[in-house]
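Two complexes are shown next, each including chain A; its partner changes from chain B in the first to chain C in the second.
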Partner chain A sequence: MISGRKVGSDTNYHSPPLIVAVMSKNKVAVKAMSLFSLTLSGLGLLLGCLCLSLNSLEAFPILTLVLIGFGMLMLSLNDRHFTHQWDGKLLFLTILIFISACLLSLIPEYVYGLNVSGIIHRSFFSALILIALSIPALGYSLYYFLGATPKARDLSYYPLIIFPVVLMLGAFGILLYRLFAGGITHFSWHMLSTAYNQQIWQTEVWQGDWPQWVNQSIYLTGIRNYVLGTLLLIGLTALISLPIGIGVGIYITEYSTGFLSKLIKFSCTALKSVSVFILGITAVSLVNYSTGTPFASLIRGYFYDVNGQRHLSNGSFVTGAIIISILVIPIIARATEEGILSVPQEMKEGSLALGASQGHTLFNVLVPWSLPNITTGLLLGCAEAAGSLATIWYLSGTGEYGVSPLHQSTSLSYFIFLCRGDTSPGFRSVEGAYQFAAAIILILITVGLSISVLILKKRLAKRYKGV
Partner chain B sequence: MASVKTKIDELPQSDNNVNKNTTANRLEIKQLAVWFGQSQVVKGIDLNIPSGKVTAIIGPSGCGKTTLLRCLNRLNEVVPGSKVKGQILLDGEDILNMDPMLLRRRIGMVFQKPNPFPRSIRENVLYGVKATKLNVDHEHAVQASLKKAALWNELEHRLCDSALALSIGQQQRLCIARCLAVSPEVILYDEPASALDPVSTAALESSIMAMKGDYTQIIVTHNMREALRISDYLAFMAHGKLIEFGETKQVFNNPLRPETREYLNEG
Partner chain C sequence: MKNQNNTIKIKLKKGWPGIVFLLLGVIPLLILTFIIFILIINSKLAVSTVGLGSLFSTQVSGVFSATNQNLYGLIPAIWGTILLLIVCMIIAIPVSLAMAVFASEFTLGFLGKGMRMILGILGGIPSVIYALMSVVFAQIFIIPKFCGTGIPADKLPVPINTLPFNTSTLLGGIMLSMLIIPFLAPLYCDAIEDVPKSQKEASLGLGASRWYTLWNVTIPHALSGITSASTLGVLKAMGDVVIVGLVIGFGSSLPNPLFDIFKATPPLSSAGAGFMGGFTQSAASPLRNSVAYFTAFLLLFIAIIFLVLIPVFQKRFKRRFSK
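And then the complex of A and B:
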C-alpha cells in the first residue's frame, strides 16, 4: 500500500493484490460466506437437473433460489466493503436471481397456452432457471472461496466448462444404458446365425384320388443377413471409393493447378452438404433407368423365389455401394490432399534432386507419408457406409433371399428402421425384439473399425513417417 | 578424422564421365537471370565453374546464391511462379533444354537440413539408383557410397536400421552417400554444415576434400572460414550479381572489388 493513498479510492478497476492484502483481515468470514454460497449453488444445480429429469418434481426451487440470491448478495456486499466499488456482474446476477424467484412464484402450477399445444408443468421453468442461474453463482462462490486471486478466477470458470461435458456424457450414458438394457438379453448365437426368412407356399399332395393343396412354410427369425449386409456394404464402399478417392486427391494436389483444382475442391466440400435423401432418390432414378437394359440385374439385383422363378428386386448392394461412394470419395480425396500437402518440402526436393521422376516421388515418398491420413479418411467413409440409411432407403429390403453383391441390399440400420417404421405388423412382431441387439452390434462394428484403424495408423506412421 | 581416399574405379562410371578431367570448365553459366513472380533475384550472372575443384559461393543473405545453386539442377522449377532466362552449359550441353531427370542424375545436391527418407539406411542410399533404374550391383553401390562418405565403418552392421535414428552429422553424410550412389559429375552443397556441430562439420569437410578431383563441387556457404579451408575457387555475390570470382587465396588476399574487401573484412 502506498502511503498517502486511501485504499481503493482512485482505482478504476479491481486490482487483485489490493483485495488480497485487505481481505486477509477477515479471511475466515469471507471463506465461510463463500462456502455457504458454494454449497447452495451446487445444491441448486443438482436440484435443477433433478427437476429436468423427473416429472413434476417440486422440491422447494423458490426457497433455493432465494437462498442463493442471499448468498450472492452477501458476497457482493463484502466485495463492496473492501474495494468500495460494486462488482457490476455480481450485482446483476443477484438482482436477476431475485427477480426470477418472484417470477417463479407467479407462474401457476400448470401452464397452458403460450402457443404450445400442450401443458407444461412449473418444474420445467424452475429447472431451467435453477440451472441457468446456479452455474454463474457456483463460479462466483468458487472465486471468492479460493481467495479472489487471478488463479481463482481461472478456476472459477470450471463449472461453466464442465457442465456441458457432463450433460453430454449423461446423454450418452442414458442412450447406451437403454440400448444395452433392452438388447443384451436377446443376444444369442441363434440370433446371429439365423437369417430372417418367412415364406409360405402351397404344394400339391395327393391324398387318395384327389390332390390337395397343403400350406408349407419356413419360419426363421434372426439378424444374420443384416450383419452380413452391413459388412458387405462397408467392404464394397471401401473397394470402390479408396482407389478413386486417392486418385482424385493426388490429382488435385500434384497434377492440376489453378481453376480446375479449385473447382474440384469446392465440389468436394459442397457434396457433403447435399442432403443424403437426394442421393437416395438418385439411386432410385438409376434403378429406373436401368430397367430394360442389360444392366438391370446388376443394378437392381435379382432373386429366386420358392418356385424357382427369377425376379428383379429394387436395388442391389452394388448400387448402394456406388451411391454411398459418392459421399465417401470426397472425404478420402480431402484426406489424401491434406496428407500430401503435409510432406516436408525438403523431402520432396530431396527425392527430385536424386533424379526421381514426379511419379516415382509420388508413389515412393508422398503417398506412403500420407497413408495415416488416408486411413483416417477410410475410417470416416466406412463409418458413413455402416450407418447410412437414407441413401439405401429405397433400395433395401428384408434380405431374406441372401446376401451377395447382386442381391437386394439390406443393412442393420435398415433393419432397425423396419422394426420401428414398418407398417405391416408381421415383421415388427416377429423381429422387433432384436432391434436393440442390432443397434448394439452396429455400435460394436463401428468401434471395432475405429480401433483397428487406430492400430493401423500407428503402424503406418511408424513405418512410413519414422515417428 | 581420417580422410578417406578411394580409387575412382570403385564406383561405376556414368556414361558422361569419359571427359572428366580434360575439360577445364565443367559448368558454364551465361547471362543467367531468375525471377520469382515480379522480383528479379539473380541478375545476369556469367560464371565458369572449373572441373574437379571445389568452388565456394559466398555473399550476404538474400543475394541469390541459393537460387543460383538451385538453377544448376533445375529445382527452381518446383517453385511455382519462377522464371529462368539464360544459358547453363554442362560439358557443352544446355541444361535448360535437357530432360530434368537425366540432368539431376548428373548434378546432385546436398541440402542445408539433412533430409533422409524415413526408411532404412540401405534403402536411402539405393533410392536414387532404383529411381533412375541404374544398372549396378546394389550391394557394391551401397558399400562404395558409404565408404566415400566415411560412414562405412560406423554403419556396416546397421544397414537395416532406420535412417532417422542417426545423428544429424551422420544423416548429412548419408545424404552425401545417397547422392554419390548415382555417380554424378557435379555435386552442389547448399550450406551443408549450417545444421551441424563442429565435430560433424570437420568430418563433412574432410569428405569434401577427399572427393576433390573426382567430382566438381560447388558449395554455398555463410561461413567464410569454411570457404577458405576447403575451396579452391571463390565467387562473391551480392544483390543478385556476381561481384568477383577467382582462386580463393587470391580473392582473399587481394580482393579486386571494394565490396568484396568490405565483406571479407566483416567476416
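And then the complex of A and C:
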C-alpha cells in the first residue's frame, strides 16, 4: 500500500531481501547493478580466453566465477521482485555457476589418468567453464541493462555470435602476426636475387709432401628459383586449364544433353573435393609409366650434373601443371557456368532471333558477358596453383638446376615443406632461415589474387545492376 | 551428290563448336575414369598379396620398418580419420555457423559486411602455411596446458616422449579447422541467404524476434544447404594431407584408450602418404606403394559415396520443409 501498488498484485507479495529492496527502488540502480554484472562477466570472458594459454592465473577464475554468480543472483532476485516469479533459466545458471566454482576449487593442479598421454593443467578446465558460463551471464546482464524489452532480448544473443568470431579472428591474427614477425627480418635483396645452388669445384690441398685434388662445395642461398617456379607453375596451369575449363563450362550449360551433363558436373565436383593425395599418387604412376617412352623427358624433366651428364628427374613443371589443372578446371568451369547462366534471356533470344547461329551467339554474346566470371575463376585457380603442395609432393625437387618448363618442378610451398619436414638436415640448415620469408611471399601472392577476385566481384555486381 | 557434300560442309561449319565443346567437356569425366582405373590397377598387388582381411585389421608393422612386410592394417588410419574429423568439426561447424550468421543476419553495420571480405582473404591462405605455423599454437596452447610444464622432469606421471609437444591429433584438428573455417563459412552464408525473404518477413511480421526467426525459420530452411556444405567441409578435411602429414605424422598405430586425442593418430590420407614414402621421394617397396594406392582408392570411394548421398539428403530436407 505504501509503495502505491495495486491491491490485487500485492496478495502474494513477499518482501524482497535487503540488497534488492535498496537497489531496485529506481531504474538507475537496476542499470548500475546490471552494468556491474555486465563488466564482471565481460572480464570473466576475457580471463577465460587468457586462461587458454597462460598457466599463471591460478587464483582469479574461482574468484571471478563467484563474483559473476553473485551478480546473477542479484539479477534473478531483482527479476523476481518485478515479475513475482523465479526465472528458471537464470536461477539454473546461477546455481550452475556456484556449483562449478566449488568443483573448480576441488580439481588438483594437474589432471591425468586413464592412460591418456597428456597431463591437463587445471587452468584449461577453468578456461572452458569460464567461457561457457560467462557468455550466458553476459547475455542476461545485457538483457537487463537494456531494459528487459523484447528488443533487448534480441540484442542479448549478440555475445553468443560475436565471441566465436572474435576468438577465431584472434587466432588467425596471432598466426599471421607471428609469421610476419618471424619473416620480415630475413628479407633482403640477396635472398630474392640468388637461386639456391650447390657449386662444387676442385682445389689442390697439400697433404704431407703430395698435392691432392679435393672436392669443395659451397651453397648459394636464396629463394629466387622458388619464386620463379611458383610463377611458372601458375602460368602453365592457367595455360592448360583455361581453355578446358571454359569448354567444360560452356558444354554443360549450352550443349548438354541430360545425363551426360549431369555426369560431367558430378565428376567436376568429385575432382574438386577428392583428396589431393589421390592426385599426387596418380602423378607418381604417370611418371612411372612414362619411363622409357619418348615422352619421358617431357613428363619427368631433366638436368645436367656437374660432369655434364644428362639425367631424368622425378617430374617436370609441365607434369606439375597438368596435375594441378585437374584441381583448377572445375573452378573455372563453375565460374563459366555461373556467368553464362546470368546472361539475360532477352539478349540471347534477341541474337538468335536476328539470325545469328548458336556458335555466333555463343562467341559474341554469351562469352563476352561472362568474361568477368571467367577471370574470377582463373584468379582463384591461380591462387590454388600457388598454394597446392600435395599434388606435386612426389614430383618436386630443390630446383637447383634451373627453372624452365622441362626442368624438375619446384615452388614456394614445396620449399616451405622441405624446410619444415625434410628428414635430412642439410637443406634445412642452409635454407631454413628463409622459410618464414618464403611463406610471406607465398601469402602475398595468394592473398593478392583473392583480393583482386573480391574487387572484381564488386565491379561485377555493379555491372549487373547497371545494365 | 554435290548437294549432299554441301550440306555436310554447312553442318560442319555450323556445328563445329558443338563437337569441340563435347571433346573439351568430357575431359573431367575422362580424368576421373583414368584416376579410378590407375588406382584399381595399382592396388591389385596389395589386395592379392596382403589380402583384404589383413588390410582391414589393426595389425601394423611400423611404417618405416622393413620387417614383417605384410602387416598393413588400415583400421588405425580409419580410426584416426574419425578422431581427427570429430576434433576438427566440433571446432569448425559452430564457429563457421556463427561467422555466417554474423555476416548475413546479425550484422553490426559495416563489421558484418566486412566479414565476408575477411573470409574471402583468409580462404586464400594455402594449407602449408598452417602446417608451418602449427608450432605457434603448440607454444601458446598445447605445451602449457597439456604437457605438465610445471612438474620436474623426473616426477612426470607419464613418459615424457608420449607427451603431445608438437604432434598430436588435437593440434592437427585445430590447424585443420583453421583451414576449413574460411571454406565453410561462405558456404553457410550462401545457404542462409538462399532462404526466401517472404518466410523471414512473415515470421518477423507476426511479431517474432530476430533470434526466434533465425532459430525457428531461417536455420531449418537453410538446413539442406548447411548439411551439404558440411559434407563438403568433411571431405576437404578428410582430403588434406599437408597439415595432417606435417603436424600429426605418417606412421599409424591405434591409440590405447581409443579417444586419446593427445596421441598422434594419422588419418587415412597421411597414412597413405606414409606408405608412399612420407617425406622422402625415394620409392619404397612396390607392395607398400600398392597399399598406398589402395588407401587412395578407399579415400576416393568414401568421397564418391558422400557426394552421391548429398542430393538424396537435400531432396529429403526439401520435401520436409516444402509442406
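The rule we apply is simple: the second predicted complex is superposed on the first by the 402 of 467 C-alpha atoms of A that agree within 3 Å, B and C clash if a C-alpha of one lies under 4 Å from a C-alpha of the other, contacts with A are read in each partner's own complex, and residues count from 1 in each chain.
Operating definition for what follows: contacts are C-beta pairs under 8 Å (C-beta built on N, C-alpha and C of every residue); 3 or more make two chains touch, one makes a residue touch a chain.
Model, not experiment: these values are computed from the prediction.
J.: After superposing on the shared chain, does chain C or chain B touch more chain A residues?
T.: C
J.: Figure out whether A:453 sits in contact with chain B (first) or chain C (second), or with both, or with neither.
T.: The answer is second: A:453 touches chain C but not chain B.
J.: First (chain B), second (chain C), both or neither: which does A:212 touch?
T.: A:212 contacts neither chain B nor chain C.
J.: Based on the superposed arrangement, let me know which partner A:252 touches: chain B (first), chain C (second), both, or neither?
T.: A:252 sits against chain C, while chain B stays out of touch.
J.: Which of the two partners, first being chain B and second being chain C, lies in contact with A:202: first, second, both, or neither?
T.: Once the two structures are laid over each other on A, A:202 reaches no partner at all.
J.: Under the stated touch criterion, which partner chain does A:346 make contact with: chain B (first), chain C (second), both, or neither?
T.: In the superposition, A:346 touches chain B alone.
J.: Now for A:357: first (chain B), second (chain C), both, or neither, which partner does it touch?
T.: A:357 contacts both chain B and chain C.
J.: Classify the contacts of A:389 with the two partner chains as first (chain B alone), second (chain C alone), both, or neither.
T.: In the superposed model, A:389 contacts chain C only, not chain B.
J.: Identify the residues of chain A that lie in both the chain B contact region and the chain C contact region.
T.: Looking at chain A, the two contact sets intersect at 357.
J.: Could you list, by residue number, the parts of chain A that touch chain C in their complex?
T.: My answer: residues 52-55, 109-110, 112, 114-121, 123-124, 150-151, 153-154, 157-158, 160-165, 167-169, 171-172, 174-175, 178-179, 243-244, 246-248, 250-252, 254-256, 260-261, 263-264, 266-271, 273-282, 284-286, 314, 326, 329-330, 333, 357-359, 362-363, 383, 386-390, 393-394, 397, 413, 416-417, 420-423, 435-436, 439, 442-443, 446-447, 449-451, 453-454.
J.: Spell out the residues on chain B that touch chain A in their complex, using ranges where they run on.
T.: For chain B paired with chain A, touching residues are 73, 75, 78, 80, 101-102, 104-105, 108-109, 111, 113, 115, 117-118, 127-128, 131-132, 162-164, 175, 178-179, 182.
J.: How about chain A: which of its residues touch chain B in the complex?
T.: 257, 344, 346-357, 360, 364-365, 369, 463-466
J.: Along chain C, where are the residues that touch chain A in the complex?
T.: 14, 16-18, 20-29, 31-32, 34-35, 38-39, 42, 94-95, 98-99, 101-102, 106, 108, 115, 117-118, 120-133, 136-137, 140-141, 144-151, 156-158, 162-164, 168, 178, 181, 209-211, 232, 235-236, 238-242, 245-246, 255-257, 260, 262-263, 269, 272-273, 276-277, 279-281, 292-293, 296, 299-300, 303-304, 307
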